[in-house]
């Protein structure tokens, strides 16, 4: 059993909604509501959900750039949700981030050299020569020509920029990288390329990824364990096999059925399956979501597999699953 | 394969774009040279600067403001005075040089103070947001609804040991608010950008992010604001001097010269007293503002290119 | 909507309090006290001292402030040091003149600005627009007092079309004669001030029209076959006039604070001229009162702007 690198416990990020005459807080947007996940060393953990499901907020909270409402994030036995603890640990030396929009994540006014060197300068004491060597080496790792050093971000294509983002994230030899939809803004061919670089780096340096995506298809090739998020809460967590072959929550099923298949022979069957899933979702809203439309708390199904269902529903679902097998 | 393609396309893109931020200055120069009016305005500014600052080099402040009643009210070109003399026999040409220089210096001084204070306040307010921002903006709101000019006049007349530096301070007291509001709005929009978050995760301090990451992204806005501010601050100084509450009477100013027109006799029969200064102020205001707007257009054009 | 207005007024209360404190300390900074105006050759210094003590001039500052505020609410702004009359009556006379000047300026401003803005917006980038832009650029760039000087020189002295000082001719007789003379005196300064205050309104209006022209709702109207003129008047213009309506309050506030310069150039006996005269004569009690009035009027002008905005633009209202 692999050792865990980071534990998120009951993480909540709520934003107040102000209204009324005195502008008082009347309600909260529950962007992230009671999320707990554990990521092991060197693994890729997939966090999947639609836009607005709170997956990016979770990622940002883990990196420490999103103030949290409550909960704990444990790294090396320390709760790093306070800036003080993060500083003490040099937390961001070990935990880095790759952003979705490569253009906006690279400062347009800085050279690539300065962009990649920024974390090195902050966390390590290197001479100018050592630093340049290190930056060169990093560019090499992500397959960028060495003359990129003196260029500015807008002189590169989207895929190249994202690789620069990867290089910056790896610069301080981190243990965990939160990758927030790193490929969703890229063309398909370039997506594969960036993913391959990420995989390659993972094997070489034993880095854990929290891979945030809305695309179950992409994550399938990356992650051993997955968590599905919806409306700020987890609906299902489990191993790749659990999620892809034995999904229990309707939301997971819907996401899976939405993966486009190139399977001409079974086209009609697949279509029927999609319609069935949609039908099930439409008919039994109350079964999957409580009266406020929120997701239920997670219940354990087996080993790693947890799903957000009321207890009695869970039993029925299990019986159904077995019957199907 | 796609790797190669990317590289060549990047190279092509590079050829087309005048890309790197360091050359933004070149873009501005190109934009101004292309625009004939802006070029003229720029030349006018250079000439005015040469005339006022260059001319003042050869002048002695005490001599210029020395009164000699016998020489009072010479007309155009009389007795070697090209623009004549005023009620104290002072040479208007000399007063014009020194006055122009002083008015420009006050404008520059006020702009420097306002830009620095406004920039700092705008950065802090916009970057931190939340309660810090709310408190600062309430203060800015309040200063902006105060009647600036009456208060400035009162301060000018009650401050002990009043000198040109006090004037800079008094005008700046009200001037920084607009600038800070302008920068705050922009910093606020940058705060949530990924590059700021990336800097945070790279371990950079807030201070470093504000000055090393965000600030370089607003340089073109700063330049535009500085140019327009200079024009408007020269306007404020000359207005105050015009009604007699600007620069002290021993320090020449364009406003004081134009102030001769407050006397109906001067308006009709002694135009040399106030007309040259009026023309010069017109030239300064129009050309500086025009160059400021040309900068603005250049910056907008560059934004479109990117 | 009433909630918005009420809240906006509540925000003004602390502003008024701070303004009063500010003015109070500004007054303290000025030399002299309320009795300087009473000093004559026959004043007994001891009696004066007793009077001062009685009036609380030696009390702690907060007490003095409270006292000053109490008088303020009673409408007592003190006695002019120089004219030896209550400041309120001194100001009241002048306020009437400034009011008429501001009113006529506002009317001219809107009468000129709206057609100009509409022309520029409709004929975007054509010669009409460019002409308006040049006009706008000049009035924006040049300090207002330069226009006043050039205006009085050209129209007052050289051409002799308008009087160059005062608010009414001494020879004017009869009700209509007086009114006529007053308007005659106001026209030139009002036009010159209007020249400057049109700038921002024209700019807002033009930008509004240009922006609205390409909005989807305008395209929809066009594609439904609505005639161009109707689209313009019913859709574009109506929406572009919103910011203009709200600028009304700030225009008024701007006129009041700008009244000083124009009244000084035209020797027009309004509040601005009174302010400059008072400072020249070191009449500090009048000055303090005038600053307070200017401040309150500016605050009210901004209040008016926000209230008008909340009436015409439903998006600003609080639910």
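The chains carry the letters A, B and C, assigned in the order they are written, with residues numbered from 1 in each.
FYI, a residue touches a chain if its C-beta (ideal position, glycine included) is under 8 Å from a C-beta of that chain, and two chains touch if they have at least 3 such contacts.
Quick caveat, the model's predicted, so the values are computed rather than measured.
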item: Most central chain, Cα average position; value: B
item: Chain separated most widely from chain C, comparing mean CA positions; value: A
item: Separation of chain B from chain C, taking each centre as the mean of its C-alpha atoms, in whole Å; value: 26
item: Centre distance in Å when chain A and chain B are each reduced to the mean of their C-alpha atoms; value: 49
item: Chain A-chain C separation of Cα centroids, rounded to whole Å; value: 58
item: Footprint of chain C on chain B - complex, ascending; value: 142, 145-151, 153-154, 157-158, 231, 234-236, 238-239, 242-245, 258, 261-262, 264, 267-268, 271, 274, 278, 281-282, 285-286, 288-290, 293
item: Contact footprint of chain B on chain A as seen in their complex; value: 60, 63-65, 90, 92-93, 95-97, 99-101, 104-110, 118-119, 122-123, 143, 145, 151-152, 154-157, 159-160, 165, 168, 189-190, 193
item: Touching residues on chain B, where the partner in the complex is chain A; value: 2-3, 6-7, 9-10, 13-14, 17, 19-21, 193-195, 197-204, 213, 216-217, 219, 306
item: Chain C to chain B touching residues, read off their complex; value: 15, 18-19, 22, 26, 29-31, 137-138, 140-146, 149-150, 152-153, 157, 164-165, 253, 256-258, 260-261, 264-265, 275-276, 279-280, 287, 290-291, 294-295, 298-299, 302
